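Down below is the structure, laid out as structure tokens.
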Amino acid sequence: MAKGYFQMKTGILTGGGDCPGLNAVIRAVVKTAVHQHKMDILGIIDGYYGLINNKMRILTLEDVSGIMPRGGTILGTSNRDNPFNYFMIINGKKVYRDVSDRVIKNIHDSVMDALIVVGGDGTLAIAERLFKMGIPIVGIPKTIDNDLSATDVTFGFDTALMTATEAIDKIHTTAESHHRVMIVEVMGRNAGWIALHSGIAGGAHIIIIPEIPFDYDAIVKKIFERKGKGKHFSIIVVAEGAKPKGGDVVVKRMVEDGTEPVRLGGIGNRVGDEIERMTGFETRVTTLGHIQRGGSPSPFDRILATRFGAEAVHLVAKGEFGKMVSLRTPDIISIPLEEAIGRQKNVSPDSGYVKAARMVGISFGDI
Amino acid sequence: MAKGYFQMKTGILTGGGDCPGLNAVIRAVVKTAVHQHKMDILGIIDGYYGLINNKMRILTLEDVSGIMPRGGTILGTSNRDNPFNYFMIINGKKVYRDVSDRVIKNIHDSVMDALIVVGGDGTLAIAERLFKMGIPIVGIPKTIDNDLSATDVTFGFDTALMTATEAIDKIHTTAESHHRVMIVEVMGRNAGWIALHSGIAGGAHIIIIPEIPFDYDAIVKKIFERKGKGKHFSIIVVAEGAKPKGGDVVVKRMVEDGTEPVRLGGIGNRVGDEIERMTGFETRVTTLGHIQRGGSPSPFDRILATRFGAEAVHLVAKGEFGKMVSLRTPDIISIPLEEAIGRQKNVSPDSGYVKAARMVGISFGDI
Amino acid sequence: MAKGYFQMKTGILTGGGDCPGLNAVIRAVVKTAVHQHKMDILGIIDGYYGLINNKMRILTLEDVSGIMPRGGTILGTSNRDNPFNYFMIINGKKVYRDVSDRVIKNIHDSVMDALIVVGGDGTLAIAERLFKMGIPIVGIPKTIDNDLSATDVTFGFDTALMTATEAIDKIHTTAESHHRVMIVEVMGRNAGWIALHSGIAGGAHIIIIPEIPFDYDAIVKKIFERKGKGKHFSIIVVAEGAKPKGGDVVVKRMVEDGTEPVRLGGIGNRVGDEIERMTGFETRVTTLGHIQRGGSPSPFDRILATRFGAEAVHLVAKGEFGKMVSLRTPDIISIPLEEAIGRQKNVSPDSGYVKAARMVGISFGDI
Amino acid sequence: MAKGYFQMKTGILTGGGDCPGLNAVIRAVVKTAVHQHKMDILGIIDGYYGLINNKMRILTLEDVSGIMPRGGTILGTSNRDNPFNYFMIINGKKVYRDVSDRVIKNIHDSVMDALIVVGGDGTLAIAERLFKMGIPIVGIPKTIDNDLSATDVTFGFDTALMTATEAIDKIHTTAESHHRVMIVEVMGRNAGWIALHSGIAGGAHIIIIPEIPFDYDAIVKKIFERKGKGKHFSIIVVAEGAKPKGGDVVVKRMVEDGTEPVRLGGIGNRVGDEIERMTGFETRVTTLGHIQRGGSPSPFDRILATRFGAEAVHLVAKGEFGKMVSLRTPDIISIPLEEAIGRQKNVSPDSGYVKAARMVGISFGDI
């Protein structure tokens, strides 16, 4: 059992996909705990895996010194270890077991007074179940996708947006110099936030998001419209969760024709194939991938992560559990965990962002 | 007189200090005007100077193509030309004259139907006077200082914050490796927004802002406190408008003693001198200066500038004049110009940002 | 015919794939021509396409003002238009024709005294043929791949290296936090320069380049070696031209087994599939793609491009044609075009770079 | 005494001003030592201070994991502690003493077999004296100023150049939008390398370096020449070591006139005052300061630092002492320390860089 310096001891774990700002949260939690509340922070290694397998260590001020500008999480994480459905090999067989009792035992054995869980929807849903089983938990929301309705925005989104916008900036001049259709596929799961924002900021001509089903004809129309005005190139930003109206015509056509795609992979590649086929224009696809999850967090994300971390410790100190910290601009508030989870936030097709995008001439591939 | 393509014609000018996002505004205004409203945009050269001296040209889609990622303003600006108090040399004498009638004549001669003015408090106050004289004006707020109370935030601030934070990041490792007190003076006029935010994001140990008068003893105490914990370096972020309690002791002392300062200049230098004198620690001062006003705007600033620009044209099209666009998160609204000007927004010492900063151990040099 | 200001007139075209620094070359050519030699510069639009179709315009100092920091080329380019093998549709049939006589006629009609060709190996080989037909040509080498033996280095490479290294940096923390094998596929055609340099700079554990055929067993051995030391993650940088010893085992196995790949595409994806299959470790692949060709050129590339441009005009002024400018550190020299083309520069497996990489523990997947 | 794992033990210290790439050197030294030579590396804390005061610790692979992208030095440094002239307070008096015998005793007591010293000219001169006293030393050159003649280039310079160029880029658009003379003072001690390179890369109009004494009249002539062509702004890059022909006229004039400067400080400020006085144009000065010494090292610097570190360990393993590693492009060689020190490298006014700069119209303020 990890021995600390103070009477009170609070655990912290980071779960789910990588997200810039996790280290800023950990740093704020440790600093606030030590400076304000004479509380020890017990870092749990590799998310729920560490809780299940009892891997923890006291985090000192020295441990968190200088970590704010760094991507990743010094605690490690794991996206797959769920205490209620834990993968094990027993007698050579792969099985999934509920090991939540082990988690509760480990928490009690560590003499932890509270647990701060930093994660996305999946991680927080597990936290809520643990809270219902009696663990005093405070949640901190985290996702680059910005798809949690319970908070105005999460840390990580602004940095991902910067990375995506920088990439589109780089591709812009090539598209223009080479008269090409350039497609950039960005992350976002089932939400179009990163695509919408990076598309506007990157000066895209077409933005394809899950919330507005697209039509290949509309895309092609926009490309030819631009060509008619002497603009022989187009930038298309595609959210990974985007879906064409009437199902995936590219795959359908391929099956029928027995033709083979030039590129296989995500929706970006399929859009690239179809547009090249329909227009005859040279088309290039870039799938940004994991660089969107890394990098030094932006100032906005560092500040939000710091405020979330400080507030979470504050809630622990006040004994307010089963809560999640949340940004209601400009305030940090707390809301019940059970109200926070399972509610996806999507781009509204009528939102001010979409309207402004249309005003400056951006097509969403819908008309 | 500049001839355009459409019936309606709207002017645009950018005034005041440089600010990342101005080109994004101009681009959005032109794109929205042409794509949505069949309206010409008449670019006025060098702010009010161009209005006074009739320097204008029609802005085409081509003119604004590719300008969003660039700092500065393609229209030029001027911080000093005020139509109500215009500097001239008449008969060899320097005089200031009210030339607002000339401005109104030029506007009428150009067959301008409306005027969009992009600027900070000073520029918009002039716009409001012109509006009262009958010019149909829409304002767009702009400042890196974030000190306008009429909008949640202005474009330019996020980019300035990034530049300042990056600089503090760079200085951080040197401070640590060399065991030095490093002072970074940032902009912000009479408000502490840039200092507060970049200080939190850059991991500063002490933040000095105009809203919280500082005490040299409190700063020195914090430095020694850190030294006591084995931290032989400190980062201090100082807002250019910061003021010590009880007046400028450094200058006072110098006058009394007849001693000379090691460095003269802004408050950052004076703080550096005094701390070096009081602690004996090697102290280095960096005044970031104009790099905070330049650079490619951040995605946030590009998007906000785009929304402001699109909305301003929308107001013109609806005939709603004497208004200023404003961000009330997440919406873009409009408010009367006269309510918008002359109201400074300052950091509240009780705000969530200051509290979070104190929680993670940052001193404001006050206790 | 484009009319200029001076007696002498020199054309410039940019050909081939995009490359940061092209605008810096164009700017230096125009500035040197105007300031030093009272020479007009005739910009040819879209590479050889413009030469074939007579698309040119005089470039003024104003045209090149402020373009140095921008990616792309203000002249446009084309990778496919070859005057000796030009694609045309005649009577509904697709044919390739030699239209070099048209090029020569256009050059004479434009009263061009010389032609500066900026391009990679393909573009310069065409230039050499035109030179042999009597066109007074000076070449400037350009490629992000650094695979030209006739110059120490070309502009574009340093910027591509920065983009690749930044991406690896971003992926590094995610790999570490998530205990993953992360593969980054970078450009370089048949040479391993970008992979080798970005791999060393990005702290990769394994670098796979065309010049050192790799072995899947060696890669897997290294990954397990790291795991044995408690390092549950590995970063692998793969050059797009890399080839496994004994042919593409992944494709072979797939054909034999009838199994399907998780990811299809470049060598990076295949390496990812095979390693995931062999180790059972979660593996993620990022193919950086076209972002490596864009972005603001690094200071090194701006300076080299400027020196190349200035020297090329100098050669024109001296009447030294059939030459290519070249960096022989620290000097800019010129060499005959015919000696420059068709000579690829590859990484030597015995070079100091490879040796240093091995010394710090990097594996090349060969032993 | 620090205990290691292997038989052989080599110390390493970093001395002098901060420089991006120091951590990359330390990492390469430790990795090469452990992976290739089964050698322990003993990190000496805070440069010669640690050698004098016996502060050292074994550096493990874990200690250097992930440090390459970070500025600063994990070992700390000190610019002032010289074993041959060490500041002490004895009986309340400040004295300087030769404590080299203490250094030699500490080295022997630590059972160190060799010592790697990373530093600039001053640090290496001390190393050479220690070598002559029998300490087996290998040197690694380090300076952002690039002013060592014994190596083609040092790590740190490329990163400083990037920081300076980025700052000039940011200031460029402001200068243009506001019609201002903008002066940027950069580092470089008595050499003009950073100013020359960042000036060319940043598109400066005037570059002032120590190697080419400048004339205020020539600067003013250039500014007016530009104004005559409709360019109402100018960017001037000034090296901190620059000197006007005929001595410091600004200070002279001030003494004679009894006038006061608007800005005091470095040469950049004085140039700003004088130009504003002579031209009447609004002039702004930015002194970049310590941000030039920080930041994540560029890929070039990371690679060069890695090669230097690996080669230094190699020299130790071969028993070749009294040497310094050096870049003779593209090779890493070694030269005797005594030949390396005390030889400054300056910009030659006839070099290709200066000539190319003049060709594109840059003035050096000399004619």
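All chains are identified by letter, namely A, B, C and D, in their written order; residue positions are counted from 1 within each chain.
Following the convention adopted for this analysis, a contact is a pair of C-beta atoms (placed from the backbone, for glycine too) under 8 Å apart; a residue touches a chain by one contact, two chains touch by 3 or more.
In this text the structure is predicted, and so the values were computed from the model without any measurement.
J.: Can you give me the shortest step count from chain A to chain C, moving only between touching chains?
T.: 1
J.: From chain C, which chain is the farthest off, judged by mean CA positions?
T.: B
J.: Return the distance between the CA-based centres of chain A and chain B, expressed in whole Å.
T.: Computed value for the inter-centroid distance: 32 Å.
J.: Taking the mean of the CA coordinates per chain, how far is chain A from chain D in Å?
T.: Centre-to-centre distance between chain A and chain D: 41 Å.
J.: By the touch rule stated above, which residues of chain D touch at least two different other chains?
T.: If we look for residues of chain D contacting two or more partner chains, we find 169, 172, 176.
J.: With touch defined as at the top, which chains are paired up in contact here?
T.: A-B, A-C, B-D, C-D
J.: Would you mind writing out the residues of chain D in touch with chain B in their complex?
T.: 14, 17-18, 22, 46, 70-73, 76-79, 163, 167, 169-174, 176-179, 182, 263-265, 284-291, 293-295
J.: Per the contact definition, I'd like the list of chain C residues that touch chain D in the complex.
T.: 27-28, 31-32, 35-36, 61, 66, 68-69, 152, 158, 161-162, 165, 169, 172, 176, 197-198, 200-203, 229, 296, 298-300, 302-303, 306-307, 309-311, 313-314, 329-332, 351-353, 355-356, 359-361
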